[in-house]
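Chain lettering (A, B and C) follows the sequence in which the chains are written, and residue indices restart at 1 in each chain.
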Amino acid sequence: MVGALLLREWKILLRARASIVNPLAFLLLSTLLFAIAAPQLVAEASQQASGILWVLVLFTQLLSLDAMFRRDYDSGTLEQSMIMADVPFVAVLIRIFVQWLGTGLVIVIATPVIGPLLGLSWAAVPGTMLALLLGTPALSLLGSIGAGITVGFSRGGIILALLVLPLFLPVLIFGTDIVNAAGAGLNYTAQAYWLALITLAALIVSPFAALAGLKISVEMQ
Amino acid sequence: MQTHIVTDPLTLQFDALACQRDGRVLFAELNLVVEAGTCVELLGANGAGKSTLLRTLAGLHSQYQGNFVSPPGVYQGHRLGLDELLTPMENLAWFAGLESCSFEPSQALALAARLGILPLAHTPCGKLSAGQQRRVAMIRWILSPRKVWLLDEPLTALDIDAQRLLNEIIAEHCQSGGSVVCATHTDLSVAHKTILNLRPPLQQASSW
Amino acid sequence: MKLNQKLKEYWHKLGSPRWFYQITTNWVTFFGASALVLLVTGLVWALAFAPADYQQGNSFRIMYVHVPAAMVAQSLYIGMGVAGFIGLVWRMKLTDVAIGACLPLGMVLTALALFTGGVWGKPTWGSWWEWDGRTVSTLVLLFLYIGIYALREAIPDQNLRARASALVSLVGTVNIPIIKYSVEWWNTLHQSASFSLTEKPAMPVEMWLPLLIMVLGFYCFAGHQVLSRMRLEVLTRESSSRWVAELMQGRGMLANPAKASSTDHGKG
């Protein structure tokens, strides 16, 4: 079953590349907005880069979350996978994983470009990439809970944000701390462990909650 | 209330079943046993609860009173459940994968030929018309190993030819031991069908 | 064994709306009366008799409202989370009534805590608002409340709304310790020069006793409020059932008693 699910996701990804391009474009665009609106904030080796980067990552993730289940919900494939799948839980997990590939992983790869544009020092880039690698899966996982519940709403976007941003807070805190520590040359092992722990906890809890939310949404029709 | 001992795992049984929506009971209680090989034509006015009943049997709707026993079924709702970026063959392969069944492309292509959409087998579903997509859905039902079909107004958007094919397919499925519960406004031309009428409820019980 | 049996019975009774209504009739009066006594005593003591703080003078007295409000606001959210858990596991419909009842009070108290925190801050440290661990945590709590509020507005179906609220409040409650810990971590990094609320010097009895009374008073008030709202909601939802009609009849509240007793709409 997993193979068939992944194969379908792969084909969709190839045929609708916007799902990868859009988050990246948004991140770049908002970087541009910051550079224009507050150039002193994104000056070379600034202190604020960590915060700005992470907040932009959160917003990018938020925009991409709305679409996590929407296509499948509208076409009816979501309810079909809930009825027909041997293990619907795995189907949800794979959907979250693929969404992370298109958002989180892409952001991690784009960090060497986006980071310095926001004033991140080169020394901080590897640490930042690690922080994003550890933190973005948690964002996708925690966000999937909100996405599952709100997929049936026509104007669900803002409710999704309200539900999900408080859950993002721990990732934001530890993530920015790692970036700051990396920039200052300090050790960030402890924070990295905490972030990994949060992601792991999210991995255990989120798919169940997301599936429960999807069941509610599907019943809303 | 009849007590009926169900021995056949493919039998559907409704025991004082009435679906609810937001606390309201939608129709009068149903007491019915659907043996394997039966085609049930589900009738009722608009809003009577036909779609809700089918969704309840499929496991998508959880508010109901009473009991029912249903083997796993193939559900076809108003939304087709086809990914429009994928071709019919790819969609069918995905459905097979969901159920962890092996997918036989030759079998699928043969059915596509029978249903008159063979040339479209490798065109993304988004480019097919509604009627053509519904024919793809029909292939899905046949290919699934599940014996119970729960169909919600499948005759919609079908031309005369396709309607004939639908009736044929349903008849064949029943003859081979499967059951069909089909909500429809147009009569099915299937021999030996059971009519199930959804009537308004007798009383509104306190349901929450 | 017998105690176990009794507890189970009690548990099941609490799940029945009618029994809940009957059981809580006395509780509401008890909580209401206690709240009145405790709050009046506490306020008078706090405002008039407790000694002025050696550092902050009289402005610290707002603490007697700020601290209880914050504590009860958080307890109410956790209560919602527990109710959500019970609702999801045991499918007890009353838990949704509980969540709906806790929500408005919780939001108001959180807002009150934030406001009184600002009022406390201005004369004491010179600013209406400081971003520290406590303010951030309380603000996050407010957003957790608003999220559930917005969610409930968006789902018209009562049953689905109940399940969604239960799920979200459970997820929120589970996250509260994680959020609190990470905000504390953040706070130690960005420790401002201002006096931190978490490091309280040991309070003399004359100070913390009225605080305790205020806290208890707030809890009793919350109990009274939540139970009253729940009872009202139960009556509304069960309005077509016989026991409600009899109850209203008994209180002489029915316009047409004969008509009500003849329309028997099912079990109570």
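Simple rule for what comes next: contacts are C-beta pairs under 8 Å (C-beta built on N, C-alpha and C of every residue); 3 or more make two chains touch, one makes a residue touch a chain.
Computed from a prediction, not measured in an experiment: that's the story for all the values here.
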Report the chain closest to the protein's overall CA mean, measuring from each chain's own CA mean.
A
Farthest chain from chain B, comparing Cα centres?
C
Between chain B and chain C, what's the gap in Å when you average each chain's C-alpha atoms?
47
If you average the CA atoms of chain A and of chain C, how far apart do the two points sit, in angstrom?
33
I'd like the Å distance between the centres of chain A and chain B, where a centre is the mean of that chain's Cα atoms.
37
Expected list for chain B, residues touching two or more other chains, is 63
For chain A, residues that touch 2 or more chains besides their own
219
Note: chain C residues in touch with at least two other chains are 157
Could you please specify the touching residues of chain B with respect to chain C in the complex?
20-23, 63, 203-206, 208
In their shared complex, at which residues does chain A touch chain C?
145, 149-150, 153, 155-156, 158-159, 162-163, 165-167, 169-170, 173-174, 177, 194, 198, 201, 205, 209, 212-213, 216, 219-220
Contacts from chain A onto chain B in the complex sit at residues 1, 3-5, 7-8, 11-12, 15-16, 71-72, 74-77, 79-86, 91, 215, 218-219, 221
Name, in rising order, each residue of chain B that touches chain A in their complex.
55, 58-63, 72-75, 77-86, 90, 93-100, 124, 144
Write out the stretch or stretches of chain C touching chain A in their complex.
88, 140, 143-144, 146-147, 150-151, 154-155, 157, 160, 163-164, 167-168, 171-172, 174-175, 178-179, 181-183, 185-186, 189
